[in-house]
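The following pair of complexes shares a single chain, subunit A, combined with subunit B in the former and subunit C in the latter.
== the complex of A and B ==
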């Protein structure tokens, strides 16, 4: 197994860890962290697979997409955090209401 | 040679395992504050992984944004959260929640293990060699006006991606602004250390941003990285209690925010009318056009990121009306 594939598998691992965290955690800040980890995993897969060019320089198109993605991720995180603070100010809890526990 | 390969593998292995471990700890450690700090460390390790994958452009963006700005945003939100909920909510889970509800954990865990196994299989069945679009990028690089392939892709070959991405940034800010106002007033003076640090670092950061913008034409760097560094300078200023003058937050701020996307759209329309293609730069002028676009994009990205950190639409304070 070569280095690109190793990093791609790590990326998959991060994606799954993030998805697991997103499902099992109730706290919204933790969910936002989990989403960011998922995103990082996907970026890692994209960039790792772009390096399958042998000795030639890696494919620049996925790199450009990932840079765009990183900036979009930070703006989405900012919006999510603001929504979380707004919800906490309204309900006093940084969690989504659970069915059957109201 | 053999020893070097072994060393590289050792490094890659440690880095990969470190990433997974930090991600796991950030998701499971009971204290939120610790989780955020672990996540910031995770971002820094990601930047190292990008370097190992020959993606220095992504590494620069990750170091400035993924680790820096996201971390600052998370910590600021955490501080505001503990003001609202007190420390009750942020302590390790209460005893009721501490009881491990088995089915709540193993159901998603087994499903995700299956998904992970499937994805592993897909990745490992991919061909070990794939040039992707690198050949096309390399053969058209001469007509793009820049010699850094990533900048060529971002600003020329797929310029509309960047245009739409700037619109997304603006939309996120509009979303944040529509959720509430922030009063612009000078808070208590910062400590001497923070004040001095900001005075020394901010001019330096602006210089670094300008350098990254310029060097992006032929080496790793470019508008996003420069904009992120500029955004970091803005965050530092905001942290050291600096607030924009009340006269600046009305239309000058808004003008700076839309300048990037607006110039982008104007240029796209002009090029469409004259060349018949959206954002198709004539090779002779491509270099200078890209530099103009990148310069306005840098300013807009930087100010948008700093405004996102401020959170809420800035409004004049009561004493300043």
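== the complex of A and C ==
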């Protein structure tokens, strides 16, 4: 197994691990961290597969995608954390409230 | 003058205008309302400019910064993109007029920049020519939309916004992994190049599964609709209208585009089509029944959105044999639903402002006291039910016709049942609107512009019933449904 392929598989593993965490954990901070792990897994896949060129220099386009993805992930995490704090202040618990008013 | 209209790159204006407008709102917080209205009006004019240009020259393509695919980012618009852009501009403008009266000064400061950013993201999404750019616009759209839901404050809205954010991020990440796989397999993210290079392989199936699941979650198709009702029902009325009318259509648009350009030519087995048709049918029935069971008006309308999204997916099994008619029906249904559903949520907002609640059973003689709003709700209901003459009727009729000629009686039954259930939940609301409630309440006045915005949108939804020929010929610019391949 070549190194890029190995790292790409690790990336897929991280993605699956994050997905599992997102589903099983009720605490919102854990859910947000799980989403970040999923994102990191995808970034690892992108960076690893950029080196599939063999001896030639790695493909730069996936690297540019990862940079963009990191910026997006930071903004999304910031919004998610803010929402979590507001929700905790409102309900006293850092979990999704049960079904609405009804 | 004419050369200016036909030469200017309108796509740039469609993205930069709302983006700049949103940021200027932060600089002059006291002028946000007028800044917002001017920006949205300018965006509507730019869509007009783009339409003029495309009628003259055909599809629009612009290489941002002169780089061009595969390295750079291409903006691309064909008839389908233009239709979505025009719907966004029209619905967006009506909702903006409504919002100018709806929000108090302290909320307006937060609403307008977020709405303008959302508009920029929607326009960029409809103009995107590459799948990675679509991911970025999805995230811009999601972050703006979630923040707009949270504007209402309180337990319900914050919980709804959080649920919405988690679902949206999960959908985007699944989509992004699909993008990574497609880029690995075919070395490009440009949709046009992909459609030339793509060929059946395990990578494509994995990408289809991931992107499909992500987009279905974002479009809130049954059984992935769990996040939609709490988010759409707890948001402020103009935000509910924006989300139900435009934001769910954006992810459906991308699903349709990828399906037509990249995946459909590769799929030979019936299984995928049947699956999409099945979840569509389940969404129609489940969403309608849930809508009928609700006691709150905004939740009823939100579940109706779940049902109407289902109709869009009924076209997939029908399109196998006669692609173009089924897809035209879908495009027509999508824009008619955008107009009608925006009108319904705005009318609901008027009722909440009027009575201070949205309990359906306690609607107190609103037909006499808010006749314009009641008319808006009823007219929008006509289009949602699919009664003639309305946009919803044209869309559903085209789809029924295709289903009948193919002998798909199962789908015909689902469509008719969905229409009957829609009639039941619309008349449930109207029935209470005519009668006196047990508990009389102290009504508040509703500004005239809020009533008229809802009514004009509902009238537009009905008027769509008379515009089938020009609208459908506009959609054919650039042949988005592969019409020429089907014709002998």
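Criterion: the second predicted complex is superposed on the first by the 97 of 102 C-alpha atoms of A that agree within 3 Å, B and C clash if a C-alpha of one lies under 4 Å from a C-alpha of the other, contacts with A are read in each partner's own complex, and residues count from 1 in each chain.
Simple rule for what comes next: contacts are C-beta pairs under 8 Å (C-beta built on N, C-alpha and C of every residue); 3 or more make two chains touch, one makes a residue touch a chain.
Treat the numbers as computed from the prediction; the structure is a model and nothing was measured.
**Q** So which one touches more of the residues on subunit A, subunit B or subunit C?
**A** With both complexes superposed on chain A, more residues of subunit A are touched by B.
**Q** Kindly classify A:3 by the partners it touches after superposition: subunit B alone (first), subunit C alone (second), both, or neither?
**A** A:3 contacts subunit B only, not subunit C.
**Q** Using the touch definition from the top, say if A:15 reaches subunit B (first), subunit C (second), both or neither.
**A** It touches subunit B and subunit C both.
**Q** Pick one for A:97: touches subunit B only (first), subunit C only (second), both, or neither.
**A** Only subunit C; A:97 stays clear of subunit B.
**Q** Looking at the overlay, does A:33 come into contact with subunit B only (first), subunit C only (second), both, or neither?
**A** The answer is first: A:33 touches subunit B but not subunit C.
**Q** For A:57, select first, second, both or neither according to whether it touches subunit B, subunit C, the two together, or no partner.
**A** first
**Q** Looking at A:42, would you say it contacts subunit B, subunit C, both, or neither? Reply first, second, both or neither.
**A** second
**Q** Pick out the shared contact residues on subunit A: the ones touching subunit B in one complex and subunit C in the other.
**A** 15, 19, 45, 49, 52, 61-62, 65, 68, 72, 75-76, 79, 83-84, 86.
**Q** In the complex of these two chains, what residues of subunit C are touching subunit A?
**A** For this pair, the touching residues of subunit C are 70-71, 132, 135-136, 139, 142-143, 146-147, 150, 154-156, 158-163, 165-166, 169-170, 173, 176-177, 179-181, 183-184, 189, 229-230, 233-234, 294-296, 299.
**Q** For the complex, which residues does subunit A have touching subunit B?
**A** Contacts found on subunit A: 1-10, 12-21, 23-27, 29-30, 32-34, 36-37, 40, 43-45, 47-54, 56-68, 70-79, 81-86, 88-89, 92-94.
**Q** With touch defined as at the start, can you tell me which subunit A residues reach subunit C in the complex?
**A** Of all residues in subunit A, those touching subunit C are 15, 19, 22, 28, 31, 35, 38-39, 41-42, 45-46, 49, 52, 61-62, 65, 68-69, 72, 75-76, 79-80, 83-84, 86-87, 90-91, 96-97, 99-102.
**Q** Applying the document's contact rule, which stretches of subunit B touch subunit A when the two form their complex?
**A** 8, 12-13, 16, 19-20, 23-24, 26-28, 32, 35-36, 39, 42-43, 46, 49-50, 52-55, 57-58, 61-62, 65-66, 69-70, 73-74, 77-78, 80-81, 84-85, 89, 97, 104-105, 108-109, 112-113, 115-116, 119-120, 123-124, 126-134, 137-138, 149-150, 152-154, 157-158, 161-162, 165, 168-169, 172-173, 175-176, 179-180, 222, 224-225, 227-228, 301, 304-305, 308-309, 311-312
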